[in-house]
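Note that chain A is present in both complexes that follow, paired respectively with chain B and with chain C.
Take a look at the complex of A and B:
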């Protein structure tokens, strides 16, 4: 693949890196990434991936942009309040980088559609704000052997982990089952500092770039824990759990379940 | 002004770490010596305190720098400083743990002892009148400073076969001694072009030589190529094994100067093609004066001062004032006072001279009398620089490990005699005295008009300090001559002998057209005759004074005399490791194969030779992996030792006797292999290698990046290189300026090789790159 002059100029600062170069840039331009959620995490993830020239970015979200989103969901703008989030994001991302293709999925992920959607992508990034989606994405990725970048935020805390199915621990190795309904508030109830979402989202974007480029050490088997009040990061080793219900030796989860039924955490849609 | 390169600043951390390691006994004193000496840090006699030699490029000092030196000496040493004949300033009596503080403190003022000693590029000297002298062809200061900056950036400048000295003179009078340096530049104009006449392979020392003409003319901007070419030949071919024959002058002599010159010309050409050595342009501020006249009225002393210390600058209305610093010794208080003069005479600057004096420049003529009065408050003996009273002398046995005689005390005695008897006489301004405590040449005695060096003779079963007397040395461009030996006399008699000699000289000298004619035709004869009466040493019972050196009360002895540190270098460090390694093996052999000793022997063996490859491993693992990389993979060492780290890691207390014995035998074989390699190393520190470079055949690709700015030019080059095979050649055309300054450097940093740099026209260069 030969880079055009405007591409050389656009990506020069990363091509210069010994780990990237023209070959790395070509990998990025060939890369296909699916982002679940165009919210607090999805915003920085999608912006950095688009800027770096990741060739195809899919975004799944069924919500519309609300005024209260703008405090952290930086991919959207005031003018787009009321518009579908995926359309708003697509507008911004293609404006940022004309080189890339943005595919929007204005829908809620479910056991029925998720396997079809992720099929086309090299890696999936979970930027969702609720446990049902998180478990659905984990199981879907493990079952279809798709790498997944997990990220989660709550008030001033954040965490991220990269899951390489078959190789490293999955989300269920860490937390086999979702918490009982009612115990854990969803993000809407929790409140969040926008920058915390930024930190974790950027870490996820960085994981994706490293994965596509094949460089560095991924957060595979390591859970990164961030505390914004202390400004501290630490990583916790996570081993594959042989009793993991989805990736263990005797898995009990062998097909996707509609998690919403037993979690029923989200009290209202949107 | 001079900027201390970032590379040197970064290296300070390394020195700091080594000092820590030495203090916590992680490295031996021999090894640490090999590290500190190239940092200009020498042990005083006795080894308890140290001297830190700060390089003063071209001898140029701002008032703030002078003050910083005074402060550093006050804070971290016992406040004694010394001006050297290479325009450096030494801090004496520095405790070892303070050496790092000196370095870190002075760094802020662009001052540093890096390369102050050891086998390094030493201080680049220049005429002390550069830029202010009416006779100069042009100002050489920028060449001297920028070349220093360039050379200090290169690691190779600190690992040469022996020291390497460079000088710059502004005209044929050659105040800096071009023929007494490894490379000497003399400014000249040729068809309105400015450039240098270059001499090489001169040098003073135990076996002094006058340099020879290397090049009739090189353009000024090529000075960097020229110095780099000579340095490169010396680096590659200089003798590193024979400590007595490792200076450039011996290399040139052994191969013959014609051959040396030919090598130089090839190297110069190659460098012109492959390197882009652009010396930084340094602008000096030209001051504007009032064009006033010198105030002439004053007492007799002031009138003497005007005559002996003050010289007009070529810039109207300004004068330079040379202050004689007897024996180059100065304390913190006086140095601060000198620096403080700037508060009352704003705009003045300072310089060190090769006569160990200070020069104050940019003194407005109207201020000269006031300056004189201020100087009087600091000293009363600064008159008469560059006269018979201005004895040039090394530090001698006082602090130097090599010093035989206490030369500074003798200098003081001579000064007393001269002050009493000879001020104002013909010989007073015509002659000079240079003095050294041993046969080395820190006191520059090989080119003294009258000169001495110290030696020891046994009389009556006792050691007696002696001096050898020389006449007729001359430091002046192509007229440079080495002084001729006359004879020897006991130290005690030197002042009286000189007195008698000068009396006779005063009469004879008038017969000749100049002092050199006198020195050549008659001085030797007069001295030889006189010496007969002064060479006798009475028996110990008759006169004990002869057995006591100047400035001492106890009898002369060589106690404390030790090997010189100046050449401490890689060989000493290798030797130290091998000796320690051998001891560890012996220990293992006698203690039932103690695991710790076997491990130590393996580690020291692996580490010892790495220093030659520029590696200084921090950990054991690194030492073994580097050994593997540098010696086993390159086919130099036996590959049966590929598993040395695994063997090393497998040594522990749980091994039975048989297991320990196996490891011991392995360690012994490994040690012997390393010893074999050490012996096979040639005098340029290369090991016999079996590798042959691959031939190039493909047609070169061309990438035209005219007008492409940074960093896009680098990115584009990188993109093309990515698609080539290792060893392929790419030619890149780059603009001069930022692109040329950056792109080749970055490509090198990526591991590619720059084969050639060719100037296409005024604004474009072609760079030939070989892919790694």
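Take a look at the complex of A and C:
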């Protein structure tokens, strides 16, 4: 792929990095990334990937933009309140970079559609806000051997890990089963500073860029834990679990499961 | 023997909002008992009815997951840092 003059100009500050160069930029322009969730994590993830020139970005979300989203979901704007999040994100991302293709999926992922959606992408990014989607995504990526960048936030805590199916631990190696209803704090107890979602989302975007470029060390086999109040990061080792229900020696999860949503607030809102 | 324990956000209500506490114990099992003594109710959040650590919570001694050490019997020594890390999912809707 030969870069056009405007591409050389647009991406000059990363092309000049010895780790990137023209070859790396061509890889990014060839890259296909699917982001599940256009919210607090999906916003910074999608903005940085679009700005870097990742050629095809898919975004999945079934929600509409609400005023209370804008405090952290920086890909959306006040004018787009009420609009489908994926359309709002597409508008902003293609405005930021005319060089890329943004594909919107105005739907919620389920066991019925996820394999079909992730199939044409190189890597999947978890920008979801609930356990059913997170486990579904993990299992779908493991079963179809698709790399997955995981990120999660709760109040001032954040977590990130990169999953290379077959090579490194998956989310179920880390946490074999989702928590049963009632044992995790309810949504009302949540709350988040937008910047905390930003930190984790940007780490995920960085992981995706490194994966496409084939540089550095990914958070594969390592869970990054961020504490925003202390501004501290630590990592713990995450080994592949031989007893993992989906990627272990005798898997019990061999097809996708739709776990029930257990946050009562979400349920009521449908 | 004082051990530093990192408390995750969902459990900080039980530790007066503290993200790090100091407890005593020669093993992870003893550490959980001492946590419970100091912060009643916390054991129930970490362990199930049979006393086993819940499947969506991991305990790390320094960087290692105790599931790959000696589980609850994993020995602790002065200066060890223990992290309790649960699955988190956002919850900001």
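Brief remarks on what is shown
The rule we apply is simple: the second predicted complex is superposed on the first by the 256 of 270 C-alpha atoms of A that agree within 3 Å, B and C clash if a C-alpha of one lies under 4 Å from a C-alpha of the other, contacts with A are read in each partner's own complex, and residues count from 1 in each chain.
Throughout what follows, a contact is a pair of C-beta atoms (placed from the backbone, for glycine too) under 8 Å apart; a residue touches a chain by one contact, two chains touch by 3 or more.
Note that the coordinates shown come from a computational prediction; the quantities given were computed from them, not determined experimentally.
By the touch criterion defined above, A:21 lies against chain B but remains apart from chain C after alignment on the C-alpha atoms of chain A. Applying the stated contact rule after C-alpha superposition, one finds that A:159 touches chain C and leaves chain B untouched. Contacts of A:72 after superposition: chain C is touched, whereas chain B is not reached. Of the two partners chain B and chain C, it is C that touches the larger number of chain A residues. Within the superposed three-chain model, A:8 lies in touch with chain B and out of touch with chain C [touch as defined at top]. Within the complex, the chain A residues that touch chain B are 3, 8-9, 12-13, 15-16, 18, 21-23. Those residues of chain A lying in contact with chain C across their complex are 39-41, 72, 128-131, 134, 152-157, 159, 174-179, 183-187, 189-192, 197, 223, 225, 227, 229-230, 234-239, 241, 263, 265-266, 269.
Contacts from chain C toward chain A in the complex involve residues 8-10, 19, 45, 54-58, 60, 63-65, 67-68, 83, 85-93. By the touch criterion given at the top, residues 711-712, 714-716, 718-719, 722-723, 750 of chain B touch chain A in their complex.
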